[in-house]
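Two complexes, one shared chain (subunit A), two partners (subunit B, subunit C).
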Partner chain A sequence: MAQRTAETRNEGPLKNTPAMNRSSNTTAVFSTALALRLALFQFPTLVSILGGQVEIATPITSFKRLSEGVFLYRNGVPPYDGGVFHQAPLLLGLFYPVISSPILVKLLYILSDLAIGFMLLRITQIKDRDAAKDERIRHDLTPNLGLFWYFFIEMFDQFRPFFIIVFQIHVFIFAAPISIKLRNHPLFVAFLLSTVMGTFKGYPSVGDASLYLGLLPLCSEIFKYMRYSFLIANLFMYSSLLAPIFWYLWVYVGSGNANFFYAIGLVYGIGEIILMIDTTYALMRRDFEAQSPPQPSDEASSHGWDREVVQK
Partner chain B sequence: MLLLTGALLALSISSASVSASSAGQEAFTAKDAIPILKAPEAFHEELVLKPLNDGSVYSHFQFTTHIGTVMDEEHFEGAASNLFTHYNLFPRSIGQILHSFDVEELHLTFTQGRWHYGDWGYPIAPSVGTGVELWAWLNDENKQTDTNWKGLTNTLSGLFCASLNFIDDTITIEPKLSFRNEGLYNVHTRSPAAKNNTESRTNPRKLRYGSLPHENVCTENLTPWIKLLPCKNKSGIASLLKSHKLFDTRFYSMAIHVRPVCEDELCSVKSLELVQSVTTVFDVARHDGSYDWTMTGLFEREITQACPLATTSKVVLHLPQTTEYRNQYQLVPFPPQGAYSIGSTQDNIQEIAVYDLKTDLETHPASTPFQISLRWENSRPKSVLPISPGIVAHRYFTGYGQEHGGLAIEIHNNNEQDVEAIYLDTLPWYLKLYLHTFSIQLNGKTIDNQRDLVQKMYYQPAVDRSRPAVLELALRLPAKSMVKFSVSFDKVFLKYTEHPPDANRGFDVGCAVITVQLPRERGQIGYGGLDHLRIYQEREASLVQSRLTMDEDDGDEAQVIKRQESEMDRIRVYTETLLVSLPTPDFSMPYNVITLTCTVIALFFGSIFNLMTRNFEVVEPKGAKDAKGKGKSD
Partner chain C sequence: MGILNRLSKAQKRKLFSRFVLNWMPILSRAQALEHEFSQIGLKSATQNYTLNTSTDSKHGVNTYAVFYAPRSDANTNAIAMLLSLGKLFKRCSHFSKDIIFVVSDGQAEGLQAWLKAYHGNEESTYDRTEETLRVRSGAIQAALNLDFAGTGDYNALGIFFEGVNGQLPNLDLINTVADIAKDVAPVELTLHDELVPYTDNMTKNYINSLKKMLYMMKYQAVGSPSGNHGLYLKYKIDAITLYGFDKPGWPSQRYGFQRLGSLIESTVRSLNNLLEHLHQSFFFYLLSGVRRYTSIGLYMPPVIILGVSFIFQALSLWGVSSDLPLEVEAISKGEKTAVGLPYSRRDRNLKVPATIIGMSFVAGLASFQLLTTEFGFPGETPMLKLVASVGVCSMLVISAVSSARVRNHVLKSADKKDNSASSGELTPAVDWIILKTFILALSALFVTTLSALNFSLAVSIGVIIVFPYMVFRPSRFIGLSIVQAIILLVISPPGLLLMASSFYSMDVSMVLGWALQEYEVLGTWLLPAVCGIYWPLNLAAIVMVLMPVS
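Up next, the complex of A and B:
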């Protein structure tokens, strides 16, 4: 699921095309997406390589673990009575009838991708949606792009429960203040909260990034108020390029160690954090400009929106 | 650690002895009307030697102690509690352990080195898996099995100076098909005739199995083991046990087995049997390439007398099985009564020379100390009968990197007929097994219909940090075939405190065990497991014979099966232990990781807190007083 949804990232901006030629454009985009997926499925090695990447598949999104869960269930072994399968029972139910047929599984992925694309399209049209999620505490320390796995590998035993609680609270503690403060911008709140979760959840993957990066263009009006877009873009590119390399150096070649991959996760995390801070700042700044536009007679008007402003 | 365990053991032993004696008294007052007659305890000592085809010499010490009661069946249980109040030959420490933890059957084996099935055939000792293996049947009447098992492992740990206390829930399993009860007693109760009479008497019992593949065995484990013997190593065959020589061998295994057995064909006399065994493979040809050996050369000690407490004291030499011509070697002294053959058919005949130390040393003082030497023409055999064990198994890891891996098991069936086998594999929780990747190859070809080979499959998925994965298969191995299983797994990332101090050495994965019934074959060392003595001893031989004749009443079919079984031996074949390396974190990093991660999180928290709680304001030009912009949203 993860690697499929990751590709929807590309569709986000396209959904914002002008309304007049939208329908013809949409058909073109959707058929291209369909064709692209069908083409990609012709390379089974690509699918298995991507499915095994730690940036993409986490313990709660791994298709391999899902297959194992379905297999155990099919053979009368309780799938949750073991350490392998952690996924939602609904997923088990959904994949139980189709998993033996690879074509149906591929079809399911393609359809869900198209559905996601269609929903993003609808959201753009309506621009009026909200989202919420919650998380469960787990103890699988398989590395991912998040900040937690290495932290809890290295954490002293007696402090582990404390930090697990603190970090899990951290994921949803922002929901209330953000929802109150930015209550006039539900779409941006959806983006921000999904970014918070995508950053601070226990098992984030690029699938989570694809969600918030897909939602980000819905608020494209704030882009011009952002101060660090170049830095953010660089951090994202830097980490997505180096993460697989450092993983390979650590786990396969042995010439690097866990710190390499952890450092890249940290860079990625900083990128996400700066993205959140900067977009929030930009949104609020835009609001401020809208509510108290510079007076034509004002001295600062010559600078447009670039006048000196401080937060108090 | 060991000191501490020792102290705990002393405590538990003393408390156990108190409870044992009080329980014994209660039993006595309650049942003093019952005629409890102590059968004489008996002790047998025996040493089996066999020159192996590759020049090594196999030695198997077996010390058997019986503690028995003359009892009819319904009184046996009551007698069992009385059993452990008097100790003559039976070691008190073992008796108390059995009593306080409700143990019905106990098997503990320490092994160093790997048994080479291909060169050596099958050993007499039933367990040869590298490391420590402990399995026990515990009485579950009081539903205390888990507590008792924990107590048992900890107490044995103290008794044998071994890390048996590390056999905890994360490695303990309960096999469903392997490791059934052993002993004639249990064989007897399994027969249909006996079952009818004793159905009400069968106790609920539970099996527990655990192994420590990385445990090293050395002198400190042998010393307490020797202390359990009636004569220690002061006299008798045990005086050959010199740790200096025993541990300088290619293979070393030391075991204790406790099981209930029957003393007569009706099983009205039952006894508890304690078998202690030491198995070694001496590398005789290591120094000069010569296959000649003497007993003094092997053990650097001598037997001056049989253990006075022993009922029988024998040295059995399996004569080398040469082809071409017979007299390639010279055995000195040759037993006065001559060599004789065991085995009934052409396929399993084995010539043995038996030396009775009781008669030889006590009636012929001239033969003291006891000595054997075997010399070959030109120091080497010209031709020996090759050995091909019926079932050989290998297990290995596939794949590379520290993320994923695969496990492959190859089982070779060299028999001319199909063989039923039970495969048991325990994998630690830090290997996440994907059973949906399980595949079978028969002679190199992947087969789709697994039902033909795998008749039953029992799988227990692992739970992180609490129990291992167990895979147990009932197999039907086709004649002259090689069956290969493979399954893939993921390696788990452990907390830094869960790694051993030598983290980059890797983790040991214990042996897989294949239980199989095989026909007895020529050239193998010894079949029959612990019961092999019964093949040499008339007393036991007649017992087996009478049991067989009694079973003839069961009908023709049962009789045929029994006759076949008498030629069959239940053997456990152990695979290699494996070493798996897991990805390691940087052990010097805890502080750095904690501070860096917390900094990043604080960066976000601080910034968002800032944005959420403060509003924008236009900076006033110099000197200006009134505010231009005020808060926007709130």
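Up next, the complex of A and C:
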């Protein structure tokens, strides 16, 4: 949704604090989060720089386009006609009354961030299930960190509808097998599906990454089974540094071209896919160890199993 | 100017340009030029600008004239040439593009003010004032910057092409000039201002080419343009400087006004024939001669290998910090456990190294802020600010090292106490291993990503840090650790600054002032890159070698 959300959503509320300090710690974390957001809003240049980054603002998340849609709507022009505004009608309705006052908009963003943080906290406490999905097919060729835009600029027009369907199927086709296979781990399914969506949707942004990275710590028990965490961290770092650089070379300097930027989109995609594979592996491995503990007589071979899990 | 009437036209222009350049005050100089341009029949105008940096204040007036199409751009200091060309072009009907003549004031800042205003980015703050341009034309396709000192003849023509932050013009622009200088208007063409004779000795030829290439890489690495053409590149305009010079004793044919004019006219006509920007050629190259280039496919692999060497060691250290050593030990003892052992059972303690890395970056950015902010207290010099930032950084190193050592001490004594109780718990890997992993991973990240932007800077940083960062580690002998720390200090930014100033036998404050000036006037990345990337990693490395071994 917002660039602001992307930066800091996954920082605070996910820490597992001991029961005694929990409430005071929570207050501290939430007030720090609030203060941080208020402080960040004091740098208007930061907001405009981040709002202009293609990794953050896509056609379906851009605040600029939202403002334009509201403006059109307010002036009696149908906002969806011009091919500029592609966002959900509900967002239009939500921002219609508040967009004229910058303070109310900031407050809305801050409150929604805090609400998300609070909900994540509640989830960690009760570890209950909750997942929601809502996607729509769009048709706009603005480049982004996704995997598909490049195909569409290379493709003949008559094939577009077919390939839009083929690519968009990826977003939800994994829902059924994942939900069946991992039915005992609803939280992990929520994480995995939002990663799948963040990877394969037409217009991904770092906002999607912040969603699944925010959900990932809910399953923190699988971290020690992950094999490629270093690789994944590196891939994410490389793509987040190189994406703006190649965008700069392509759009501003003119010495690069679209292939440069798309290549980084691919690296980012590989990072996300390895993250999915590795976390799924880690979860299954943990399950396996819990279900088939080593023979008690064979001391040597039990050395490798995680004691805590085996004892359960 | 009555006396001038008796002289020939060419002589008159030469005299005029000398007069204008040397003796007239800035404003009347600009007005005189504007007058001359309008005499020829070109639409001309002037532009005032002011630029206040933390050390200096600059003011000047640019003059420019637009030759409207029957449509290109040329910027020049060789005013006589410019006026003659203006007159010539006025008579030509085959131009399909506008030609702009710019006579910029001062050094790079004058042209920068003009370019900003031309692209509608003029500012009017206390620090920068750029007047809005009254006369304009379309998007500029290419630019030629003429640098011809004096009024005599020359026997060589040098091409300067390195732009701000190591940006380069399309290679075809250089090729065009090289072709024209071969056939249409034969002149001796070379890169920069040095002529090296071709010898029979192949080794010597290779070394001469290498010297040329290193000369180019030096300009690229520091990111300052080798001429005024460098500023155009920021605006997606291919540009080079043509520099006329006289090398005594060089056997080439001398050339004067006439041939130079036909060279420039041919170049402008070649550009005029283009339908769009030059783009189907090279933007990434290293030149070791006018007709000899190294493409990105050849020069990129070394820097990738540099990056990969960092990544490989980082990976191996990451492995060491996990269960890998235990696994190897188990195998050597003949136990069967190695097969079933999942990864990463041993906790990695990331808090300490992450804090150190984070603090180093804060210290680096703080130094950058210190250096670039004007506080306004008396006796404030860049040197004093540098000393203050060195103070900030050394404070970080001292506090990080001492707290790491104290922590180690506390942990050890706690360990001794419950030595009997702890049987199954695995001790996590030592902090320095993880810290070194971080340093190496970040070095790889920065060297490789920077190489996409400025290859020469990336490769020079890579070459400096590759050996120390790979080999150095804390030692049991405190003396060895200190020797390593001293070597790291030598390659730290202040150390490099001292070395550079003694190498060029310049004052340290002058070198520092120059770097600041380049950042403030032209927006080069050398200072931000050094303070924001290079220095933090260097600080973290110093902390790393001084950390406790176990």
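We adopt the following convention: the second predicted complex is superposed on the first by the 286 of 312 C-alpha atoms of A that agree within 3 Å, B and C clash if a C-alpha of one lies under 4 Å from a C-alpha of the other, contacts with A are read in each partner's own complex, and residues count from 1 in each chain.
In this text, a contact is a pair of C-beta atoms (placed from the backbone, for glycine too) under 8 Å apart; a residue touches a chain by one contact, two chains touch by 3 or more.
Since we're looking at a predicted model, the values are computed, not measured.
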Label the relationship between subunit B and subunit C on subunit A in the superposed model as either fit or clash. fit
Scan A:Phe230 for contacts with subunit B and subunit C and give back first, second, both or neither. second
Quick one: is A:Thr45 in contact with subunit B, with subunit C, with both, or with neither? Answer first, second, both or neither. neither
By the touch definition at the top of the document, which applies to A:Met155: first (subunit B), second (subunit C), both, or neither? first
Would you please give the vertex angle at the Cα centre of subunit A, with arms pointing to the Cα centres of subunit B and subunit C, as a multiple of 10°? 70
So, A:Leu241: does it touch subunit B (first), subunit C (second), both, or neither? second
Tell me the contact category for A:Ser23 with respect to subunit B and subunit C: first, second, both or neither. neither
Of the partners subunit B and subunit C, which touch A:His170 in the superposed model: first, second, both, neither? first
Taking the superposition on A as described, I'd like to know which of subunit B and subunit C A:Tyr252 touches: first, second, both or neither. both
After superposing on the shared chain, does subunit C or subunit B touch more subunit A residues? B
Once both structures are overlaid on their shared chain, how near does any Cα of subunit B get to a Cα of subunit C? Whole angstrom is fine. 5
Subunit A contact set shared between subunit B and subunit C covers 252, 254, 285, 300, 307
Interface with subunit B, subunit A side, in the complex: residues 52, 54, 64-65, 67-68, 70-72, 75, 77, 81-84, 139-143, 147, 149-157, 167, 170, 174, 177-178, 181-182, 184, 199-200, 250-252, 254, 257-259, 262, 266, 269-270, 273, 276-277, 280-281, 284-285, 287-288, 291-292, 298-300, 307-312
Contacting residues of subunit B [partner subunit A, same complex]: 400-404, 429, 432-436, 459-465, 469, 490, 492-497, 583-586, 589-590, 593-594, 596-597, 600-601, 603-605, 607-608, 610-612, 614-619, 621, 628-630, 632-634
Tell me, which parts of subunit A touch subunit C in their complex? 224-227, 229-230, 234, 237-238, 241-242, 245-246, 248-249, 252-256, 285, 289, 294, 300-301, 303-307
Which residues, counting only subunit C, touch subunit A once they are in their complex? 167-168, 233, 236, 277, 279, 283-284, 311, 314-315, 318, 330, 335-345, 347, 424, 441, 445, 448-449, 452-453
